[in-house]
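Dumping the structure here so I can ask a few things about it.
Chain lettering (A, B, C and D) follows the sequence in which the chains are written, and residue indices restart at 1 in each chain.
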Amino acid sequence: MQKRKMRMGMIGGGLEGFIGATHRKAAFLDGHIELVCGAFSSNAQTCINTGETLYLPKERCYSSYIEMIKKESLLHKDIRMDFVSIVTPNYLHYPMAKLALEHGFHVICDKPLCFKVEEAKELEALCKKKDLIFALTHAYSSYPMVKQARKMIADNTIGKIRKIIVEYPQGWLSASLEKTKHAQAAWRMNPKTAGISCCVADIGTHCLNLLEYITALEVQYVCADLSSFGEGRLLDDDANVLLRLNKGVKGILHASQISQGEENDLNIRIYGEEGSLSWSQMRPNTLSLKKQDHITQTYSVGGAYMEDIAKYNTRLPAGHPEGLLEAFANLYRNFAFCIQDKENNQTSSKENLDFPGIKEGLRGMIFTNACVHNSNSGEKWTKL
Amino acid sequence: MQKRKMRMGMIGGGLEGFIGATHRKAAFLDGHIELVCGAFSSNAQTCINTGETLYLPKERCYSSYIEMIKKESLLHKDIRMDFVSIVTPNYLHYPMAKLALEHGFHVICDKPLCFKVEEAKELEALCKKKDLIFALTHAYSSYPMVKQARKMIADNTIGKIRKIIVEYPQGWLSASLEKTKHAQAAWRMNPKTAGISCCVADIGTHCLNLLEYITALEVQYVCADLSSFGEGRLLDDDANVLLRLNKGVKGILHASQISQGEENDLNIRIYGEEGSLSWSQMRPNTLSLKKQDHITQTYSVGGAYMEDIAKYNTRLPAGHPEGLLEAFANLYRNFAFCIQDKENNQTSSKENLDFPGIKEGLRGMIFTNACVHNSNSGEKWTKL
Amino acid sequence: MQKRKMRMGMIGGGLEGFIGATHRKAAFLDGHIELVCGAFSSNAQTCINTGETLYLPKERCYSSYIEMIKKESLLHKDIRMDFVSIVTPNYLHYPMAKLALEHGFHVICDKPLCFKVEEAKELEALCKKKDLIFALTHAYSSYPMVKQARKMIADNTIGKIRKIIVEYPQGWLSASLEKTKHAQAAWRMNPKTAGISCCVADIGTHCLNLLEYITALEVQYVCADLSSFGEGRLLDDDANVLLRLNKGVKGILHASQISQGEENDLNIRIYGEEGSLSWSQMRPNTLSLKKQDHITQTYSVGGAYMEDIAKYNTRLPAGHPEGLLEAFANLYRNFAFCIQDKENNQTSSKENLDFPGIKEGLRGMIFTNACVHNSNSGEKWTKL
Amino acid sequence: MQKRKMRMGMIGGGLEGFIGATHRKAAFLDGHIELVCGAFSSNAQTCINTGETLYLPKERCYSSYIEMIKKESLLHKDIRMDFVSIVTPNYLHYPMAKLALEHGFHVICDKPLCFKVEEAKELEALCKKKDLIFALTHAYSSYPMVKQARKMIADNTIGKIRKIIVEYPQGWLSASLEKTKHAQAAWRMNPKTAGISCCVADIGTHCLNLLEYITALEVQYVCADLSSFGEGRLLDDDANVLLRLNKGVKGILHASQISQGEENDLNIRIYGEEGSLSWSQMRPNTLSLKKQDHITQTYSVGGAYMEDIAKYNTRLPAGHPEGLLEAFANLYRNFAFCIQDKENNQTSSKENLDFPGIKEGLRGMIFTNACVHNSNSGEKWTKL
């Protein structure tokens, strides 16, 4: 059976930002997805300029997401988009995803999912009712080494887990960029567009997703100390959190946007009774396994010894670095293959179903709420 | 003026290898190139299977490169391919490139360029005569940090250069894979398909290109010790070479395919009178600048302080790793933009013209010849 | 004026342990200290064997610390020891130090200082009354790079501090070694010999000392989650602690003895408004300075640009690694020079007075008490 | 049997240099050696000042090495020095060592051994005749990880060796310090005091010793390109050398004093048929073992799995860095123990006999001569 490329419509992602381009490159890399339309900006000219650069015909550069979803839904099925990619500020995720799902389009959406638990549940119900697929771009979890680590832990390589440390330090909001014309800083520090949290919602949730994905554990209690170091900030720019997980596991999660000089050093260390694993996003192609009184072992992406699930998400031979775009592309590819499968009435493989969705989005929201609540209260532990 | 995507036809690159996929992903990443046809394999079924996976119509999966070039050249200009991408074993590069150029197609070709100096000159003359563009995929030179280093040296950051060390250790031919059914090992170790050299031609030329590209110097003399450690090998699998360059610069170049456990650690260190630079392909997003009695400085791709030419070849904010596919994609993008420019009668920018071509291919061939000659002779220094 | 070597008597440090040897080598390295006597073990034969190996005459190998202190105090001043070095399990520090001070001997003591605040204050008063010098071997703070960092922060290199992360992961108590005949594990996990805490007292206090020494800040509040992962343990083997310091600084301190595969990776990251510093004990000869949008700078011990205080504590030219023994030796040398100065009625220099003493020991005890209390209580923040 | 400390007399090592202090600290560290006399400088006042700082009585601070050797030889055997430590510029090594041996003193001498092969053989004969011990301080070979590597290779861990790369880049002579009042640069660049080579003799010989010690192979042929980049220099400041060793092994050795910004990055990579080892002096406590298609293994000094010979040369538990002084101290300790053994008519253990001596010094001289000869000639390969 001859399959076809999946057709993507994008909401947000005008030329001036970087996140839209990131999503597009990730979608294009493997050649399974083509961009067919977009509502790239609330500014009509920006939208058209963006579409032109992307070789789109004018008639499929829409002036609003509502117009796009409605008009596309009226096109012939051989032409219209198969899914929308939502890459806008946080507060728009929910209404956009909802409208797309209601019109029968699959959705891939930047994180966080939305603001309220009820919204998330509504989206979940819509997906089920309409038999649609929803992906949330916690892309860091799609690195091959992250999948390798998850498999090794499932295989009990390090024994029963005792302690986890997960960090995401950034420094880009050290200065109060939101007071300048820095668009990304401005919407992230504005409660109307970002929600109740900046740092925890934006990057703390990446920590949570990474931790829960790799270990298959659940954070149950948080004890949080959130800060707003930037003068006049209404939302947090730094978060230090103690964790208690199921099965008696303890942990620390900290995320920061004011850690001067840090780029994007998301990293995790997992200590079990028999060994430990450590991985860092900025050196994503290696994974370290340590056992007391044993020689340290360093896994390398592309190695013959890698697990099948890691190999499935690897493109190059060992020693040729892959990066975030490739991780992102794994997520897009898996999502696209699942849509293809659905179109062809096939059951998707476990490998292709392996991407974050509404469930993971819901976890992030619950975690964010718990951290904000705990930090504002005098209570030591808040249950998720 | 509305531009269009460039249309690529690929020769070689059947599903079973990895180099074809690498080229395709690099071509697709930025969305400026679409694959429209291919002669992916001398095996007809492999060719069709490959094309199907790539969503190509059967009629544009050709059974030979000759058929492809001839038939495509008869198609309407709004449909036919703009350029061919050649990703076959070495001995086919020359006839394929020649035929493509003769039929008016631009060419992007894997390295090495060809076997004989006359062949290279013929291709060069053809390009000029037909006003066509030729790119050679020494992709390592397209990493943003390599371009940063080149600019810093041009700006005299480290003063007059004294010494250069460039290395490319691999270990994958430690065992005699060519005696098993390992296709890539087999053609590389066969003089008929690979030429007079395996190691120097395959990866030594990457060293040379990296060195000459970054420093704008020329290797003038070599003193080489080539080895064939694998039993019964007819071609070299290891090369140790002393270099003398213009302007009194000395150097060492060594490449190896029998360096057990090494992946692809192409790296370079350049020592000037005022400072030194070092870069390694396996950690491609940093560059180290050292000056005697000064604090070591580490540049990071994406940094605000990076040179414009590096930024032009960077896709993500600092701290999100980019890898070889992105470097490869820089080369494809620049090549595609130059074709677009030509179509639109525009002069290409310096940034887009910045990719290796026939001249660099010729340097590689001359270097390979000199190394093989020197190693076989008793003379100490052989002039390039 | 001809000075003389300082004469050391050691309590504890029998051949079978490693900590005694560590102290001795640190004392010997620079040639300013000689060992003249010892009460190395409660086992008389071990004591004599140890002394023999150390080239001591039998008559100065004492069977108990009480005998040693009393008999030495009766020797002629040209012969008797000048100071005692105490390298026994924790619970003996107080009575030994007290007796030594009462008999007019200076004291250098392993950490932690003692168990109770009143004991510490008594020792402090004794020192003052008798005009004696007391050093506590938080040796990690004597690395040249730590002193460099302290000076750079005092000079406002990174601006007002916002956040600090300090870690000390070890893995050696992952298994319950205290149930085997492992002497060091046994006394550390026994409340009678170790006190109310194992992990916090043993290595958490190193974190605290490092943090407070480098930054000149004070931890004011802790929110702690202590664990005893090893089955049946009465004391903590892991500690996760949120910190609030003076001047609005936030922090995280975590120490662990069950972090499988970790050796002694004490490390600290300090984030200020203008930059950040990071240092790690396992790579002690470099220090990283990062500033947003600036090239990362890596300081190297021995560099011409290093601060005078760092140079004073460095022995080798750059590129020749120094390690923990050298840091330890800095502490011993400074202590010995201060005793020499006192003997010669000289004022000691700022550089030589730069070592931890009772004040730092007291901080460690208060911190340990607060962590244990907080972890056992339901309160979120406990004041130190 | 009660042993005694070995008594050292030092020639050279006045306060203003660093090499004397390095030797002394290495000698003192373990407490088996005491300094009893010295001829620290040709400047009488410097000699006395140095002795005073080292707590020596005036009468044993000699104004010349001749006086020292002669007078000490007349002292009672319970007082006089046991051995001399020679830490002067190269041209003095031979006459000093000769005189010391003639008077019955053991000798430990900085490298290179001397200038002429005949001199070396004379010293060798003297040692044999007088039954004296001679140590040459190629201290890098005394790092525990170097001994670990040597043992692993002897045990065939990486199979038959194919290729070796050994490097020693320094940058400190990038500028022509010999034209300023830099004493160390001045004598090293002066043929009268340094001999026929600066870079090869000074640090190239360290490369050779490291290589031959670890692998038990012998360099048989060199093809060298020596340079004098510094204006007006009479001796080499940079050396690039191709190697051919016995058993068909190939190699590269390069050393440099003009590699801007490099500190002392002596390092070695050894590739065998079954695996490879790599080690670097600036990160001396780890050793990397790589095998094709296997997970990279990193050994850590202090690990329970380390070889006995490495443990014998290690002082601290894993994770507490040791450095050059400890390596140096291993050499001094082993040398001192062998003298002790001789005094006590005991046979020294294999572990203690494990230090470089005249044989290794001779190898260095032959190598230096061959490199200088080859570089000046037109011949490709020069036999050692």
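The definition used in the following text is that a contact is a pair of C-beta atoms (placed from the backbone, for glycine too) under 8 Å apart; a residue touches a chain by one contact, two chains touch by 3 or more.
Bear in mind the structure is a predicted one, so any value in this text is a computation, not a measurement.
Counting only chains that touch, the fewest steps needed to get from subunit A to subunit C is 1.
Simply put, of B-D and A-D, more C-beta pairs touch at B-D. The most distant chain from subunit A is D, comparing centres defined as mean Cα coordinates. Subunit A and subunit B have CA centres that are 34 Å apart. Taking the mean of the C-alpha atoms as each chain's centre, subunit A and subunit D sit 55 Å apart. Taking the mean of the C-alpha atoms as each chain's centre, subunit B and subunit D sit 44 Å apart.
Among the residues of subunit B, those touching two or more other chains are numbered 172, 262, 289, 294, 296, 300.
Against subunit B, the residues of subunit A that register as touching in their complex are 2-5, 18, 21-22, 24-25, 28-32, 35, 52, 54-55, 170, 172, 262-265, 281-284, 300, 302, 315-326. Across the interface of their complex, subunit B is touched by residues 289, 293-300, 303-305 of subunit C. The touching residues of subunit A, when paired with subunit C in their complex, are 158, 162-163, 165, 169, 171-172, 174-175, 223, 225, 227, 229, 238, 240, 242, 244, 250-252, 254, 256, 258-262, 269, 271-276, 289-292, 294, 296, 378-380.
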